[in-house]
Amino acid sequence: MNKKVGLQPGTLVYTGDRQSTIEIPITHYTYNHESFKKNSFIFRDNLFIELHPSHVNWLNIGGIHNTELIKKVGEAFNIDSLILEDLLNNSQRPKLEIRDDYIFITLKMISHSNKKNKYEYEQISFILFSNLLITFQENPFDVFDSIRCRIEKRSGRLRTKKEGYLTYSLIDRIVDNYFVIIEDLEERIDDLEDKVTTEPKKEDFDEILELKKELLKFRRALAPLKEVSSKFKDSDIQEYLGEDIDIYLRDLQDHIIIANESNDALFNRGNELLQLYHSTISTGMNEIMKVLTMISSIFIPLSFLAGLYGMNFQYMPELTWKYGYFFILSLMISIILGTAYFFKKKKWW
Amino acid sequence: MNKKVGLQPGTLVYTGDRQSTIEIPITHYTYNHESFKKNSFIFRDNLFIELHPSHVNWLNIGGIHNTELIKKVGEAFNIDSLILEDLLNNSQRPKLEIRDDYIFITLKMISHSNKKNKYEYEQISFILFSNLLITFQENPFDVFDSIRCRIEKRSGRLRTKKEGYLTYSLIDRIVDNYFVIIEDLEERIDDLEDKVTTEPKKEDFDEILELKKELLKFRRALAPLKEVSSKFKDSDIQEYLGEDIDIYLRDLQDHIIIANESNDALFNRGNELLQLYHSTISTGMNEIMKVLTMISSIFIPLSFLAGLYGMNFQYMPELTWKYGYFFILSLMISIILGTAYFFKKKKWW
Amino acid sequence: MNKKVGLQPGTLVYTGDRQSTIEIPITHYTYNHESFKKNSFIFRDNLFIELHPSHVNWLNIGGIHNTELIKKVGEAFNIDSLILEDLLNNSQRPKLEIRDDYIFITLKMISHSNKKNKYEYEQISFILFSNLLITFQENPFDVFDSIRCRIEKRSGRLRTKKEGYLTYSLIDRIVDNYFVIIEDLEERIDDLEDKVTTEPKKEDFDEILELKKELLKFRRALAPLKEVSSKFKDSDIQEYLGEDIDIYLRDLQDHIIIANESNDALFNRGNELLQLYHSTISTGMNEIMKVLTMISSIFIPLSFLAGLYGMNFQYMPELTWKYGYFFILSLMISIILGTAYFFKKKKWW
Amino acid sequence: MNKKVGLQPGTLVYTGDRQSTIEIPITHYTYNHESFKKNSFIFRDNLFIELHPSHVNWLNIGGIHNTELIKKVGEAFNIDSLILEDLLNNSQRPKLEIRDDYIFITLKMISHSNKKNKYEYEQISFILFSNLLITFQENPFDVFDSIRCRIEKRSGRLRTKKEGYLTYSLIDRIVDNYFVIIEDLEERIDDLEDKVTTEPKKEDFDEILELKKELLKFRRALAPLKEVSSKFKDSDIQEYLGEDIDIYLRDLQDHIIIANESNDALFNRGNELLQLYHSTISTGMNEIMKVLTMISSIFIPLSFLAGLYGMNFQYMPELTWKYGYFFILSLMISIILGTAYFFKKKKWW
Amino acid sequence: MNKKVGLQPGTLVYTGDRQSTIEIPITHYTYNHESFKKNSFIFRDNLFIELHPSHVNWLNIGGIHNTELIKKVGEAFNIDSLILEDLLNNSQRPKLEIRDDYIFITLKMISHSNKKNKYEYEQISFILFSNLLITFQENPFDVFDSIRCRIEKRSGRLRTKKEGYLTYSLIDRIVDNYFVIIEDLEERIDDLEDKVTTEPKKEDFDEILELKKELLKFRRALAPLKEVSSKFKDSDIQEYLGEDIDIYLRDLQDHIIIANESNDALFNRGNELLQLYHSTISTGMNEIMKVLTMISSIFIPLSFLAGLYGMNFQYMPELTWKYGYFFILSLMISIILGTAYFFKKKKWW
């Protein structure tokens, strides 16, 4: 966010860490029930896109690190610079905004990273005009392959519907993937819970902290979606999305609520992991203290007794008794047995 | 949920773990105040159901693991595929949805499992048309025997009422059973509290964790019901359920609220169990530390004294005193008594 | 609640533990400003009550363990069986319900039990018709003696008002008694706090747990009353209670809110008691650890020194020094003083 | 509150602990922009107050422990007995009530007590008629001297305004004093925080508990004021207070909100003090444990070694070696150094 | 706040700690799209400001410690004394107030202090008339240089817009700077988390406390802004700010919400730092206890054995055995190995 301090509102700055020299692939899908066209090209300075008015148009922009491109798209379709600023800002929280000509939705696409236990957070923004959907991704990788496949193979109802349904389908796909992440997180928590209640280690401790940060990050991507989805009922929005999409949107909203509830439950369990860690450790410490106490309680008095008869006084009558040694040995054994009985009774053993 | 990622919305997938080859029993009850007919059969590829327009019709489907059957039911009664998807998804949270021709309610039927301290969670869905109630269960076992009995024996007002009252009765029966579970959980908590405040063991610790997971699961089945029951007041719903059913629904809503409150109270007590466990353990540890301290405080100085006179210096005048040994013995006893008095005064004893 | 599982809604079952053979006294008060009549009898199979239309009628039923009686009352005054079911269910939470002919209020009367630190929870229900108030108690003992006295002695405004004011007076009396309980609980907490911050014992620990359960139970009786009292503003209710009663009801609502706030404050303090208990104990443990450390730190090294010169090597030059013993003694005293100084400086002493 | 149980609503009972024989001073201010009159007298059985219709009238009653007086005031100005009951009840929470002829406001005046770290809570009630303000204090001491001074010296706008502005000014003065208390509490917390993080003592622990009770009490006086101040917007109230007073009331409401926020912040910090106390203590304990461990770890093995060569076996070859003693001494020094190095490496030192 | 107790409402008192003799620079910007004038002077007793009706007027007052100046400004522009009181009170929480002729906004400008890890909180107030914006700062240093630059260089849309847009730009700049502080706090927390989970020190503990106070202070500056920004939608306010500014205000509100959310997240992490600190310390303590236990468990019994054979009884047969010594030595080694095996098995090692 630092990059942006002091700049005029609406100034376009990409806040992510992709280099501006990486090429940006653009894909333009045009389809209706009968025909289908896909036009893929790389952005170099110029942007010429021809919309097909009677078809569904989906323009997918595979990168936002080149502000030149974003500016050109903004000019071509007359998009407000505040909107463009938001979609370039990868710490933007999910939101939905209605403008006169379009609605703007931005959210986080979350997928497994190559690294174990790491997730990829990608800012994805939708600008939905009445006859065009533009999607902006941080990089060309996404979770939309099954949807592209459905478009190309004309399976399902996607080809018979308008841009609104396409938007819904894409968001639904993203939300579906949240559940994959939730399941993964759930497994990690189950795993950690097991480890932590049996044999807690320092590295588990670190992993718990790691997991908690992950859950916090996930929650911040997920929680604002509830607000976004509650706006779906808005009549202004349904105008853009199409009215027959109403039950789909309710279904989607339902999924978002479940995802949030699951996440909250995970969050609580995540918070309890640290407690569990400590309670297991303190239980173990108790064990240790018991052993220490038992050994000390038995042998410290015995050592004293032994030391007593190790004194070099000239006149110590017991030392001259014939069975003095055996008497003391018996006394010691009695002490051991007595202490053991005491511990047994106290249930420390 | 994983099974469903990337599929088109409305695709029918059963998410539970019953095998699709298990046979599904279907029961069709037709009754009015005078007559009553029960038709039970096993689903094999074909589904032919004859409704009796002037009677109450209740179609009970004893399994949802065969998507073929669900699809056929959906086609026969013109049920939206999104609804079918929800009722097949056994991680669906309880909800109520109004469609043009029917209302859809899904919730969890919870009963004792064969295993001790385990509960069976079964997804149960209601689709209520104006002259037909279809119920979908995950397996044929349910808590409805008393209701079937009342239908067959014509006892109570069930036979004189419409499908709405039947729906209410079934849900009421399910909610009644929640209280059985609550009581069971309450007993387990009482039990654990007793154990944990007297003699906490590692297995109690594990049982607390187990119980907390159970309570969390129970809460997730119970909490959304409050929302569902608050929709009962909706006039659209009362149309389907019948207006004279209003006071019954309020009663049911009351029960749901009480169940939720009881569950919340249990939840709090469950959370405190871990604390109790630790506080008892740390109280015990304190006990142990006191013993260790007392023994050490008494015998370590005495051992030193004994060691002192065990030294082999050639010139140690005390050693040659006649009553040196007895003098030292007296000194030691004084130390023991002094320390004991000190502890007494500090109330450590 | 278990007794009721699987029964048809509206089935009358008493869920308390009074035996159904105990006799139930019924009292019927009829009064207006001028005259007053009291009719007390024991219920045996028959119920014949004559209402006096121009008078205030108060029918007090001193027990609900005989479902036969309740059924008869229900029939006589045309009370819905769901209402009767609620008033028999002693785990029913406080609630207010408006029916066409009457309003139904149920709540808990709480009084001191004979046993120390135990409170008696009694389910009490009001059914207020336009010219009759019926009250149902679990047993004949109640907190209404001062009100009966005011009726009989014609003191105060009670005799000049209608059934609505009587209802208000009875509820007000019950709420007044809550404050007695709150004061008692407050004293117990003050007491425990004192004990626990000076000299915590195992039995205090148990008493804290006991108290917390008591507070939880009290809260569950008290909290729903806020909701009930908020309904007093309802115009439908004011019709039954009489409009001139408005300021009394606001006063009552005020008391209920104060009672709830006091209870919440007690609840918080109750929760902190366990913390205090542990913090006092751990402070004490710290004390103990310090003593242990000091004694060990001083005498373990000294013992070593003594042991050193207790070795039996043939050639140990120090042993033959004339003042070797005194030198070692001085060294030991220096060590004691040095360690004491170190502890003093560390402020452990 | 106990004093009142079972009495008829509206019965006047003073719940504080001032004796009813103490004399009650009454002051009657009459003023307008031009003239000013002050009439002070002691109540003895009779109450004769002459209102000056075209002037502002302020009747200040300096005590409420004489119910006779209160009853007389109630009769003279036709005040509802429920209101009188509330103003006599010094555990009444702050509230505002509108009646047909007057509004009633009661709140707590809090000031420094003579005792250190103690605050004086005084119940103060306002009854505002259209041409008279009556204030009831528990005792004659208050925080209004600056206002009396402004009335007498005709400074500021007080003399040019009506009773509504006077009421506002008095309440504003009381709220101003809350900030003095807040500041005092803040200083005490800062102080305790310092003590507790450097050198916690048992008396700090007690002071924390004391402070927490004080904060709780303060919060209970403060929190309901938010509700009271939110009613200032009510048009019925503005009628009594005068419409031009609107911006003053908003300012007052603002102060009340700030006072509440500050108090909440203090409350949180107060809660954390106990945690800090324990964390400092447990950090200290850790220190102590380290010393104990180090000394034990070094000297217990050494003592063993010394004891070994103190054994009296006839045949122990080492004892006869010429440099056996020096060899063992060197071994012991090596052990000391080795252990020290181990601790150094573990960063325990 | 103490300075103000007992004063009449609307009395002007500066509550900060700048001395009243410091000179106050005043800057008056007048600009429209074409021309631009800047007039800077120092306040000495007199204030003469000429507004340019067809231009945007921005009067920046670089200090509020001279109440004389504030009073003069108030008189010149007819500002309510309650408003002036608020802007002089540097413990005023952020708020927005609408008056007949102007709106008043006050908030906190937060910037890095010269000292490390310290932030400068400056009270800044806006009074927006229809053709004049007055800003009051506590001192002349601010974060507005980039805006002054944009005015002077005619860059961006600032010069083409009215006072409303200028106000928005200034507040937006202040909010932008909050993110700088948030980032800084985030880094400090990351840093502390690292330190505290690896090697916690007493000074980290103090730093955590420091940071928590900082976060609390920050939150109190930030949280009320949410309320302020929610008022932006008010039509009365949009009148002053200009209607075309609507989308900018929504953007600003968005930023304020994000800032609050980030701050809340930081707050939670700050709270967990103390927990982490203690958990790391208690894990370390566990380590230490283990070492102590192991050494004690091994050597205390051995010492006893050695002491046993150091006794001076005349008749101890073992002492005369030829290999008695070696037998005992072997026994001791077995004990060491046995205990080590026991620890290994218990996984304490």
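A, B, C, D and E label the chains in the order they appear, each numbered from 1.
Heads up, the rule we're going with is that a residue touches a chain if its C-beta (ideal position, glycine included) is under 8 Å from a C-beta of that chain, and two chains touch if they have at least 3 such contacts.
The chain list, named the UniProt way, goes like this: A, B, C, D, E = Magnesium transport protein CorA.
This one's a predicted model, so the numbers in the text were calculated from it and none came from an experiment.
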item	value
Same-residue or different-residue interface between chain C and chain D, half as cut-off	different
Relative orientation of copies chain B and chain C, as a Cα rotation angle in degrees, nearest 5	70
Centroid spacing, where centroids are CA-atom means, of chain B and chain E in whole angstrom	43
Geometric centre distance via CA averages, chain B-chain A, whole Å	27
Overlap residues in chain C, where contacts from two or more other chains coincide	282, 289, 292, 296, 300, 303, 307, 310-312, 316
Complex contact set, residues of chain D against chain E	143, 146, 150, 155-158, 169, 172-173, 176-177, 179-180, 182-183, 193, 197, 247-248, 250-251, 254, 257-258, 261, 265, 268-269, 275-276, 279, 282-283, 286, 289-290, 292-293, 296-297, 300-301, 303-304, 307-308, 310-316, 346-348
Touching residues on chain B, where the partner in the complex is chain A	1-2, 4-9, 80, 82, 86, 91-93, 95, 97, 99, 199, 202, 205-206, 209, 216, 220, 274, 277-278, 281-282, 284-285, 287-289, 291-292, 295-296, 299-300, 302-303, 306-307, 309-312, 316, 318-325, 328
